[in-house]
Amino acid sequence: MQLSFKHLTSTKQLSRADADAILSRAREMDKVLEKGKVDERLKGKILAALFYEPSTRTRLSFEAAMLRLGGQVITADGFQFSSLYKGESIEDTITMVNQYADIIAMRHPEQGSADRAAAVSKIPFINAGDGPGQHPTQALLDLYTIAKERGAIDGIKVAMVGDLKFGRTVHSLTFLLGLYDKVQFVYVSPEELKAPDKVTHFLREKGLAYEETADFSAAFDCDIAYMTRIQKERFTDHSEYERLKHIYVLRADQLKGKKVTVMHPLPRVGEIDTAVDALPNAAYFRQARNGVPVRMALLEMLLGR
Amino acid sequence: MQLSFKHLTSTKQLSRADADAILSRAREMDKVLEKGKVDERLKGKILAALFYEPSTRTRLSFEAAMLRLGGQVITADGFQFSSLYKGESIEDTITMVNQYADIIAMRHPEQGSADRAAAVSKIPFINAGDGPGQHPTQALLDLYTIAKERGAIDGIKVAMVGDLKFGRTVHSLTFLLGLYDKVQFVYVSPEELKAPDKVTHFLREKGLAYEETADFSAAFDCDIAYMTRIQKERFTDHSEYERLKHIYVLRADQLKGKKVTVMHPLPRVGEIDTAVDALPNAAYFRQARNGVPVRMALLEMLLGR
Amino acid sequence: MQLSFKHLTSTKQLSRADADAILSRAREMDKVLEKGKVDERLKGKILAALFYEPSTRTRLSFEAAMLRLGGQVITADGFQFSSLYKGESIEDTITMVNQYADIIAMRHPEQGSADRAAAVSKIPFINAGDGPGQHPTQALLDLYTIAKERGAIDGIKVAMVGDLKFGRTVHSLTFLLGLYDKVQFVYVSPEELKAPDKVTHFLREKGLAYEETADFSAAFDCDIAYMTRIQKERFTDHSEYERLKHIYVLRADQLKGKKVTVMHPLPRVGEIDTAVDALPNAAYFRQARNGVPVRMALLEMLLGR
């Protein structure tokens, strides 16, 4: 199947057919990785990884995905010292990079920058995170992880825990899960960090079942507990951050007898005790690994259109 | 044909035969790029991209050129934090990098650094810009663009517009065009940013026709209008920069009925209105793209000597 | 022969059989490099070069080694701006990178970080320097250089000159040479920079012959004079640094009629006059080059276990 889009800037572009096709291709890519054989289907192709804002995890994952398929990578990380600094527009930078590469993955601190970039790009463009905006490949690898860990997505019950207000990944994943049937949502957060209106409006419009609570234990009986980090940089009031940062800390004893799959976009800074890592529930490092086959799938599908 | 040099540090090294041979090889490389087939003639070779000063455009273009020919790249960008910082000489750094790579492209903020590097390098060395000094691959891609856009170089009329005093690219391109027959030059700048003596002396010595004017419209009837950016960092007096920065801004209406080819080394910061981009005159993004085949040609010719 | 370890964090892990096997494999790799043929025995494999602290020389050498064997590289240099900054533990970062690469080389400013990393890594891990701790691949390339320059290691007489107190390479090389028979040591330093107890204890325990002196000329009659840089950053008292920094400066005239092989881990900042470079005694650039075959050998042996 062909994807319905040339550029991926937001999870909102994805139909269920798109999402299913990507998951299906990612499963094939997982087999490529498991076999450990050299695969060169993207030989001769170049990915430009443009990271105006550093994100080592996302960048290395994209680069590994491209290299695992025999492609090559050119990287610009910490753009602030270069052309941008001299005042070049995103549009000009993207048009320039179009001359050098076959596909672009861009991380940028400004919301909307990905749409501006995609509007001028003649080669496929992937948003690798635009500030508080979208980070669709993270949402897709989250979705792939759910499918892999639980067998199916339809009908599952997902708890999102922590910073639901600023947590970009929580919003994107909600929109993506909305494509599936009878997914139930539990939003666990303190009052100050509740999911914003755009998320709850979406749920009501779609007629999806959800509850909101501050009670952490509500997460343990779900299929998925999606933990998030409370980000210091989101708070203007330091004392509020100090009060909330460790409001939900997952310990191994809380998971005793529970089948819940624990996810986290990483990095964690104390939200999950390291003793949890050894439990079968702990899926967050497998989740990180899933970034590679999902991005391999996207790179191949977008380059092959 | 073999090039007459092992290292490329300045356009002044180039004979017309050298320049023609590079343009001819660049045309072949363009065909390699157009076919989109995997080319591996530099397989097993390593380019060291040493950027003491960041220049994303030039670096990515060199790296893409090397990768498009099946070669590999090792990169050091933002050298200030590393050995250099510990006081190592350029000579020692270059001798060290000779142990790791097969060819070097170096950007450095100090004029003369490229000559020092080339003097000790046993592997081919390419100057990718040494401060206010030379940037020969930029001049070569400019020359290639003129040849490609206008069919021939002999006899053409070229306007250079903007900062002709500090604009390194304007100086290098003038020297290179001086190798060709009956090229006419029009230098368009405010009094404060006129071409320096080294340029006008060169033109008079060679007996080349040139005029100097502050009138922007003189550029529109030439074959080429080579626009440049007025660089803030060249001014000690901020108000002078503010007065001059937008002295020549090219708008689409000024090009109505004109066949002039508009070039710019990029990045632009307002010298060319974005509405110009859609006109056939606008060659600056094609010019950026030409950096790839020209650098492919140089890498192959220098490695093949 | 198989190495006795999966991860290389310290020279103390190495048996003589390990060291000999690595030198033997490095000699094969030297032949690969001399032939200049494309070698692809690590095709499809990815090295993650994680440099929390910049070290251009070590990083480029590791990257070149991987590329020379047909492998690929993903690099994170200047980690401070990324996840680490958000407070991620070394253990989590290494576990994450395990998902993307097949082998890791890490440089980190904190002593002990390499052991922490190796403890959680499921893929082979190489310490590329952990602060004042260990830098085993430097010691191995030093050892390989001695073997190559002098034909054999058993029975040689080695002078270590300069900062023997803080000089990590001097300590590591001493431990490694202790695996061989009848090596004699001469430690040349000012009183303030004498080799620490851990080194002299080691020598006495092993029953190895050594002398300590402040007299530079003692080095010239040895087989090897291993020069080191006096590092500014090790001194709290600036005037002491100024007094000691040029206490031992090697000049060409001092080597007249001498067969001593001069080594230096580089960068040098004045300890060896550049006129020495042309003498056959000067082995330090060949030493830098030896980093490539030694690292090629290690990468292949660890990936092939």
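Here are a few things to note about the model shown:
Per-chain residue numbering starts at 1, and chain names A, B and C are given in the order in which the chains are listed.
The rule is simple: a contact is a pair of C-beta atoms (placed from the backbone, for glycine too) under 8 Å apart; a residue touches a chain by one contact, two chains touch by 3 or more.
Remember, predicted model here, so these are calculated numbers, not experimental data.
With chains as nodes and touching pairs as edges, the resulting graph is complete, every pair of chains being joined. Interface of chain A with chain C: the two copies contact each other largely through different residue positions, with under half of all numbers used appearing on both sides.
Per-chain Cα centroids separate chain A from chain C by 40 Å. Under the contact definition stated at the top, the residues of chain C that touch 2 or more other chains are 75, 78. In the complex of the two chains, the chain A residues touching chain C come out as 36-39, 54-57, 59-61, 63-64, 67-68, 75, 78, 229, 266-270, 274, 285, 288-289, 291-292. Per the touch definition, chain B reaches chain C in the complex via residues 43-44, 46, 48, 72, 74-76, 78-79, 81-83, 86-88, 91-93, 95-101.
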